[in-house]
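Below, chain A partners chain B and then partners chain C, in two separate complexes.
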Partner chain A sequence: MLLIASLLAHSSLADIIKVGDGHPYSSVKEGLEAAAPFDTVLLADQTFYEINLRIEKPLTLTGTHQSIIDGELQDEILVIAADSVVVSGITIQNVGYSFIKDRAGIRVEEKDYAIIENCRLFNTFFGIYLQKSNHTIVRGNLIEGSDGSTETYTGNAIHLWYCEEALIEDNITRFHRDGIYLEFVNHSQVNRNVSFRNIRYGLHFMFSNHDDYTGNTFEDNGSGVAVMFSKWINMRHNKFINNWGSASFGLLLKEIYDGELSNNLFEDNTTAIHAEGANRILITQNIIRNNGWALKIMGNCFDNRITKNNFMGNNFNVATNSRQTMDTYEANYWDDYSGYDLDEDGFGDVPHRPVKLFAYIVERVPISIVMLRSLFIEMINVAEYIIPSLTPENLADSIPVLEPYQL
Partner chain B sequence: MNKILKYGFLDLIRSNWLILYTAFYLIVSVGVLMANGDISKSVISLLNVIIILIPLIATLYGIIYYYNSRDYVEMLLAQPITRKSIFMGQFLGLSLSLSTSFVVGTLIPFVFFGVFRSAYLMHFLFLLIAGVFLTFIFCGLSYLLGLANDNKLKGFGLAILLWLFFAIVYDGVVVISLVKYEDYPLEKFTMLSTLINPIDLSRVFIMLKFDTAALFGYTGALFNKFFGSSLGVIVSVAALSLWSIIPTWLIVRTANKKDF
Partner chain C sequence: MNNIPNYTVICWLLFCSIGCTVSTEPIVYGQDGCHYCKMGIVDQRYGAELVTDKGKIMKFDAIECMINHQQGSKDTFAFMVVNTLDRPAQLRSVDSTYFLISKKLPSPMGMYLTGFSTHKLATQAQEEYGGDIYAWDELYEQFATIKRYLNGE
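Here is the complex of A and B:
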């Protein structure tokens, strides 16, 4: 009896508030006001035209993908202003752009433990916006801006600002400014998201430390991923594909320290990895193929280890603007290695210098790129390879492997 | 002139060398298509072959052909035919047969690979046009060198130098000047230097049509603005045409004055 009584008591604690035509509450706003903490607000399959909905109690807002809240291109739609709110399964669309306010489809306003999952957001200026919110989960959402928009008329699909321990996973973003944007975000995970056809970056880190991003795909964005002014970032098992354009790159590492870049695939990018002020990064077991430049590493990069990667089919494998290097290159596979392996231990017996003279000239005088594929260039590359005079002398892989790694 | 052209052309196109030349392009095109499995990349790979080999073959074949057909030309000179007809016929027969070999050799594999249905038909046509232009230009220049030099050894030497200059030395001079004067604005100089050399012009013009243009960065944007415009296309075609017409005109002039 006691058990049944407690179960009954429990069920009466969490009511389901149905909202829609024919239900007690016809608008989401009324439903949210009527709900007690820990209730579930269930939206019917219809379109609600409402804006500035504030959730100020810990409750669950749910529905199906046909439960649509439409902002009619006005102000923002859903604001989470309580801890432990769950928003799941609904569709949110049409937030108007603003140059004064970062309007969002769903905003979490300085509250913790929110879960936003399986929602669909269409044409919201910013998609999901977390500000000063910790322990948030953003999972399985589809976030689409409007195709053909420009950088100023669209915000970021998932935007995090001053957050701790966020979990961003399995989301799909496209047609936004940045797919995922993190600023002052620490100890967070970004896993298995797909960011494609965004206007600026697929993923963008600023001033964020101790974060991991794993298993994501960044395809066809303005540029793939930019990691700037951040420390202890691990980047593993991601795909950087087809970020192609005159100023595009797969991954930009700028002012970052102590990270790891491993087991990633870089394919068909203008520049696969562009490193500037990157220090103590371990770059290992990546496949870097068919890019314009595989690795552009500037003279202000120190103590990076580039080891056990496959460099294949790139126009330039390594380019640099400096005559010395403080980085270590070891046991990589270089498709243009022309040495031999007499003792058959799998490692080449002569070091490989991956910086071609032409790559060095282009870094110095960018316009000389028009000589790409000229016979003269091929000849000076060979001459320089045999007797290095201009390219960094110590930038060499002393034990290049002869067979590509199976990664 | 038409008769001489016709016999020259038919004679050449059936010669073993030209059959070999056609076969070479067939094999290279098939190889490139098989290896890349993709029209766009194949055209780019073929570009590398074309901008080096066509000038080389046209130069060498042109000068060999001139010296080999000297007896035949002298016999013709005894006939009541104008010199213009004889030499124009000879030169055009030579250029046309080399061009035909090249076009047939590359066209067949690409047609089988479906170039007409691909988005890169225009790019491929640009490649063919560039190849034909280069054939005419370098045949003309080497034929002219033959006409101007009765000494075969000197003629050969000059022909090889000619190729070396346009294919390698010229680019070397440009690159060295670019590095030396890196502090100055070099855009116009680079563009002009590209326009002047027919090999560079073909190379840059075709590469700009492809994805490789993205590698050019802002330089590419600048070049694309010019070469992508109708003015740029007209200027490029005009430059290549000038390179074909001027040697032809010089051939006729030299032939008319020459004492055989």
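Here is the complex of A and C:
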């Protein structure tokens, strides 16, 4: 009884503070000041023109998508400066850009256990900015910069800096610099987000370890995803689609160790996967189709395993700048494999060497790409295939499969 | 028919004159990629560019990428230019730029390195954010040490 009584007493302590015209508090600032810890501040369906709102108590700030806080292109709007704050369901818009300060629609300032969900952020320079904040959930938000066609100066939609154990899921980002940016972020999950038409990357890891991203879609960004200077990153069930441009990749792996890249789809990218200084990565069960280059793997990559992938309809399946490879290629499907399977075990009887001479030449002399599809090139490709002299000798799939995997 | 050799000569001259021009070129933010780290160049405060004596242009998303490249390269450079915090998207020579390394001002590749066009502006920023100001030569010479220090070694 005592327990129930105390629970009841506690719940009655948590009030709902209504804010808006006709309510006791007409501004968000007043509402936040009046609220006691664990109260709910409920915004009416109207636009509030306010900036630099600081939440300094653990409370819930909520409303509907018609509850709008508009910064009128000035300073940042919402700063979470307490643990265990929930912001849900409201709309935040119009933060002015600054070259000095990374202003954000919602900033979490060195506090833990924040939940930001189902909010909409429009034209906020940086969208949701977590700095030195742990155990944060960012879920189900829509974050749009100003239309990317004219404005190149914009921040990241979701920006994490020195965070642990964040959960970033089911968000939609577009027209920002990076859709999701993680710098010094460990033990975090990035799931089922959609990033499209961002200027630089859909998702970007820097100096981050032990993170997973699963089930996301990266479409039509400057590049899809960049994983740089990071370790133990698992990349599964994502889609990397339509990232076109001379400096564009579906996935850029740069100085990365011990990850897994599996069950992803790479389609219609200039380069599907570009690997530089990538080590001990397992690349398996991916569909890599209709790209300019499927896999560009530089000589400074070691001990990667490329196995059971489908390589289909790419201009170049594998390109490299080195004559040696320290990576293993095994049991992949290559659509340009011209071998045979006399013992009918499903594996080709002669190895497949996926680096064409022309791919090697283009890597050395990029402008030679103009000769793509010329008869001369076909002839030297065939000659090289029969008697390898320039392409990496040991870069071969010894047991290529004859039928594509059902993935 | 006699004119054909002349055209060839003219074409060659044109080709050479284009090929031999050594000058900087604007960075196209959002399109150009960093020569060193392959990242897209988007932040107009931190870009950098090198032009070799032979006219080859290399662009960088951060000043630290430019120095990393230089220190691993045998080339000599006709131009070394960078963006500054106070004049975004403008390229200025490193010799007339002041560099602040401050933990409060993160730069794209983790070196906390920002350029300023005047010593006064650099000092103002230093007063606000803390850190150390370097001239180009100092920065270049002490770069490895600074990097080790920032990495906590």
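Here are some notes:
Simple rule for what comes next: the second predicted complex is superposed on the first by the 395 of 407 C-alpha atoms of A that agree within 3 Å, B and C clash if a C-alpha of one lies under 4 Å from a C-alpha of the other, contacts with A are read in each partner's own complex, and residues count from 1 in each chain.
The rule is simple: contacts are C-beta pairs under 8 Å (C-beta built on N, C-alpha and C of every residue); 3 or more make two chains touch, one makes a residue touch a chain.
Small disclaimer: the values here were computed from a predicted structure and weren't measured.
In the overlay built on the shared chain, the residue A:G292 is in contact with chain B alone; chain C does not reach it. In the superposed model, A:G245 makes contact with both chain B and chain C. By the touch criterion defined above, A:V370 lies against chain B but remains apart from chain C after alignment on the C-alpha atoms of chain A.
Shared-chain residue A:T270: touches chain B; no touch with chain C. Of the two partner chains placed by the overlay, only chain C lies in contact with A:S223; chain B stays clear of it. In the overlay built on the shared chain, the residue A:I386 is in contact with neither chain B nor chain C. When the two complexes are superposed on chain A, the residues of chain A that touch both chain B and chain C are 245-247.
Listed in rising order, the residues of chain C touching chain A in the complex are 29-33, 37-40, 42-45, 85-86, 88, 106, 110. The touching residues of chain A, counted against chain B in their complex, run 244-248, 270, 292-293, 315, 361, 364-377, 379-380. Against chain A, the residues of chain B that register as touching in their complex are 47-48, 51-52, 167-169, 171-172, 174-175, 178-179, 182, 186-187, 190, 194, 200, 203-204, 207, 211-221, 223. Put simply, chain A touches chain C in their complex at residues 99-100, 152-153, 161, 177, 183, 199-201, 206-207, 222-223, 226, 228-229, 245-247, 249, 252, 254, 274, 276.
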